[in-house]
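In order of appearance the chains are A, B, C and D, and numbering begins at 1 in each one.
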Amino acid sequence: MTSINRPLVICAPEPRSLDLIFSAEKLKKLRAGYRLVETSAEDVPFLGNSILAQARYIIGQPKITSEILAKMTQLRAVLNVESNLIDNMPYDEIFQRGIHVLTTGAVFSLPVAELGIGLALDLARDITQADLDFRKGSEKWGGDGNTTSRLLSGSDVGIIGFGDLGKALRRMLAGFRCNIKVYDPWVPPSILLDLEVTPSSLDEVLELSDFIFVVASVTSENQKFITAESFASMRPGAAFILLSRAEVVDFDALIASVERGHIVAASDVFPQEPMPLDHPVRQISGFLRSAHRAGALDFSFKQMGNMVLEDLDLMDRDLPPMRCKRAERETAKRMRSRPVEKN
Amino acid sequence: MTSINRPLVICAPEPRSLDLIFSAEKLKKLRAGYRLVETSAEDVPFLGNSILAQARYIIGQPKITSEILAKMTQLRAVLNVESNLIDNMPYDEIFQRGIHVLTTGAVFSLPVAELGIGLALDLARDITQADLDFRKGSEKWGGDGNTTSRLLSGSDVGIIGFGDLGKALRRMLAGFRCNIKVYDPWVPPSILLDLEVTPSSLDEVLELSDFIFVVASVTSENQKFITAESFASMRPGAAFILLSRAEVVDFDALIASVERGHIVAASDVFPQEPMPLDHPVRQISGFLRSAHRAGALDFSFKQMGNMVLEDLDLMDRDLPPMRCKRAERETAKRMRSRPVEKN
Amino acid sequence: MTSINRPLVICAPEPRSLDLIFSAEKLKKLRAGYRLVETSAEDVPFLGNSILAQARYIIGQPKITSEILAKMTQLRAVLNVESNLIDNMPYDEIFQRGIHVLTTGAVFSLPVAELGIGLALDLARDITQADLDFRKGSEKWGGDGNTTSRLLSGSDVGIIGFGDLGKALRRMLAGFRCNIKVYDPWVPPSILLDLEVTPSSLDEVLELSDFIFVVASVTSENQKFITAESFASMRPGAAFILLSRAEVVDFDALIASVERGHIVAASDVFPQEPMPLDHPVRQISGFLRSAHRAGALDFSFKQMGNMVLEDLDLMDRDLPPMRCKRAERETAKRMRSRPVEKN
Amino acid sequence: MTSINRPLVICAPEPRSLDLIFSAEKLKKLRAGYRLVETSAEDVPFLGNSILAQARYIIGQPKITSEILAKMTQLRAVLNVESNLIDNMPYDEIFQRGIHVLTTGAVFSLPVAELGIGLALDLARDITQADLDFRKGSEKWGGDGNTTSRLLSGSDVGIIGFGDLGKALRRMLAGFRCNIKVYDPWVPPSILLDLEVTPSSLDEVLELSDFIFVVASVTSENQKFITAESFASMRPGAAFILLSRAEVVDFDALIASVERGHIVAASDVFPQEPMPLDHPVRQISGFLRSAHRAGALDFSFKQMGNMVLEDLDLMDRDLPPMRCKRAERETAKRMRSRPVEKN
């Protein structure tokens, strides 16, 4: 393929980098198939008109004005590998022109779900505390160490939010044969039933679960929608596992509920990252802490590149992209994630 | 049912007790259907001849001599709720008479397998250490905390021993879509293939797995069959999870391998229980400790009673028992478990 | 809800009818929530401007010109319950305005897949012919009647086309543990791998399958893409099951291949429907005939209404529809199905 | 291995033959590992005392008297490849000596279950009749041909008898997501629950199922246990699929119920095989006939040899056999199958 024929791709994948999201082999494939213009997000507006006019794809989430967009007459897709939708593009115009906005956040589903199961089993069996006790010589043997132990198998599980991550959790839970309730107002009941989970109200999930996994994205509508009352309504001893964004929860209320001994909890996300060194969450018992490590595995980042390549191939053939998730006209501007500062 | 018609059951379930293994409701059912002679294991020989002659079942594992056995002319089954086969009965005569020897150890499969998955995920993601670091304020955020993290999903898993527990592990791993190799010389290959695991040699399991679960019973033939060489042959960084009995492993070699950093490990069983307070296993890193807590959940003990009742019902109807596991003529005397001292 | 607030829906669902696609209960729900303008497809252009201006949804696939479309300023979605995309709307403008075009063909996946499995098992075991022989007294007993019998379980299965129907087939085949190869150039390989089927070329599917299911839609590009050479390349005795559209196959070549005894086949679709009474396909052996009955179950039609209601609810809440399938800007005009003349 | 060391096997596998049940490769393996004494069932008693004294295994089901048995001092197992237990051996003595009686009938589970699903789908969709109509030019197109069609997916399924065949049916039905009720008085409820089917009474299965599969063996207790009343209690239009033995059913009542149009049915087994040429079952509609062809596939016979080899290997290593099914002391003499006259 001569360079003149190869589609042009503007690459501004920060905070990712091409090396982070493509394996050596896949990067070679990308370079062989496309003309890459590697730049930074802030320099995109300063690319020459000729480059802009030829660009078929953008990898990244640079700020784009209507003016710049108008110059990109060949643009077919923005492949947002940051995967948090920031409101820095004229989405209305983008959708009107039929340009796809694609996100690759699904790559995190598998590692986040796995960590979620790990945290749930730790809470159920007190794995961390039991190990600490053993180190100190104060371990309890056999049944004496199991006074609060329970099974994940056969338990009532609630999942709040049912996107890729919720679905990954469901799949991983298959062998545990839980009764799974799902609350997600964006997903119609019959889709949930087809996946053999029970469509439920938020209250049902909160009140009737032994394990509650929160995997809802943060939007303009759901900030702190899990409140002190929510925690109070949970079953005594319920395990609350927060995996998506701290903003959906009243975090102080969460801590208070754990401190009071009403529930146990684990969280991978926090209202501030890093949390202050003197924050009580660092010391309370019945709380398992993970420093936003759930998704950030090299495996996942490399999956991003694979997904991008597969969708480029489809779009090159005038087919709709299928691998990445498409931002939706209706919801793109409702998203409220913070920018990703750290891979 | 008049008392005269109800079958007589000698109950000597120690170290269990009837209250431990039967829920209130099930115990009521047992008492309604059977005449119970509640005694201790050591007093069984001193039961009157009339009692012995009427006994249809024994719940427990009392020492029984040929002489006593001869007096129990109606005996149909010994329901061993300790579930470790101790060589304290004339098994040849028992089998010759067609008396079933039934064990209820399968009740532990579910909780042990769950803890096994929990330990594996902890080793894969360093859940315990990450929580400790967070408490101390030395946690690493995002990808920085994931330098040794890996996925259980899609990994190569080895299972050594494929009884009820191995099968429970396999089922729980279903949602993780691992490639599972199994070594169990007592199980023919086609049964393993039918369960969609790969029949493998011990060396294959040791050398080609990312996660190795040891769930083999200890027998007269397999003591310390996992040796220093075995550990050396494992993949660097492999996670070794010991769930059945410490005796099948050269435990010092295990510790040495972890100390050397060649593998990481978790164990629920130890050569001495409790371990000495100054034993190095209490301090090494890369090792997760659980004080023989894997199976001893109240849920599991209550399952024992359920299983016993179901098999009593079958045998009362002259049908073969199906719920408990039968001791086998060929293997009963090969078992080498220690007596259970603690529930 | 006062009538003035309820969204207006233009209903022109022919060849369906509201009674066909909605249960009594769901129709009541529809009427309660929406103002329905029930009309025929051909009368849609003659609806008054006020109606057109208020219409939020169209149920049906009426011919719509740019002029009419321009008047429908509130239109959010065309819910095409015929489910065959006919090129009778200005799709470019529709997509530009962000109006969803939704099809409900997924309701047929389940019944069509079931019939497909039934036809495959019939071909594998000669169920129909064996019954005919039994009626005539010429049946063959036991193994004598099984000289050409084979198992679906464990066999090599090929699926051509992997939309909803292909996915339904895959799910139904789960218990048969087949090796499934899939050819679908519109679906990226990693999606297939994630569903545990093998992405394959058309030739691989044709040449290496014991059972071949054709479930591909007909497009501008794939008419008669299964040719005489395709049939010749199949394994001797392979079973070919055609479930989507006759147009994707060289039907004469199919018949010739069956007549020659090279393969066996079943089809639910035909180049002419009904086929001429003297057509050879009516008499050849090794061929199982079904008169386009695969999908048209009342159960499926009623599902259409359920799907429509669920997506209306999402769109009323300014959320993207999820239940129906969206027509895609890239492919909408490539579809080449005949209009549905018969339910 | 010198001939003197190889275990001696008496082979009298009629009505099977070694060539039927062993592939060429497996037969070679058998001959390499064992000394085979190939004889007929009727000649077994006339084998010399030395042969009898050396025999470790019998492949077949020859009549054996106590006297002959006494001479076979090394006998470890009778591998009954006919798989119907005929009461022609002193089972009490056999079990007392701990000799295993093994049957290989499980090989038929897969093909019988597949045919069962095929018959069920045929009854649900009228595949056979629709094909006949098409041949005659009287086919009905689309929905017109589906007035009695229904789905297997999501339906209420009843299974009567839950041995290997019932379990195979359950597995194959997995993708159809049926609600499965099981009646089997020999299997305790918790085993059924663990397999995610609902333990049920016979009446519940009969009265509450859309599809009823009969896969129960015939015993001394269950002959004709499905009576005229049973059929009358079924849901109108229910599909009754008989796969095990005609003796468990009042066959005349079955035919009457189908003739009356109350149910539809399919059967692979008949009270006489072959049935008289003028028997009404040959002509009634709503009844699908299969001439005892369900299991007799070459694939299945060859599986027998594989199972035999795997269990010989275990028993040679003083391990209990696991692959074949063991006859049980309690039930061996209750079985009432006819001898197999035809492979």
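One rule holds for everything that comes next: a residue touches a chain if its C-beta (ideal position, glycine included) is under 8 Å from a C-beta of that chain, and two chains touch if they have at least 3 such contacts.
This one's a predicted model, so the numbers in the text were calculated from it and none came from an experiment.
J.: Considering only mean CA positions as chain centres, point out the chain farthest from chain D.
T.: So the chain farthest away from chain D turns out to be A.
J.: With chain centres taken as the means of their Cα atoms, state the distance from chain A to chain C in Å.
T.: The separation of the two C-alpha centroids amounts to 34 Å.
J.: Per the centroid of Cα atoms for each chain, what is the distance between chain C and chain D, given in Å?
T.: 38
J.: Averaged over CA atoms, how far is the centre of chain B from the centre of chain C? Could you give it in whole Å?
T.: That gives a centre separation of 51 Å.
J.: Could you tell me which residues belong to chain C and also touch two or more other chains?
T.: Residues of chain C never touch two or more of the other chains.
J.: If every chain is a node and each touching pair gets an edge, what shape is that graph: line, ring, star, complete or other?
T.: Here the contact pattern is a ring, one closed loop where every chain has two partners.
J.: What chain pairs are in touch here?
T.: Pairs satisfying the touch definition: A-B, A-C, B-D, C-D.
J.: Residues of chain B touching chain D in their complex?
T.: Per the touch definition, chain B meets chain D at residues 95-98, 185-191, 306-307, 310-311, 313-314, 317-320, 322-323, 328-331.
J.: Enumerate the contact residues on chain B facing chain A in the complex.
T.: 110-111, 114-115, 117-119, 121-122, 124-125, 127-128, 130-135, 137, 139-146, 149-153, 171-176, 273-274, 277, 282-283, 288-293, 296-299, 342-343
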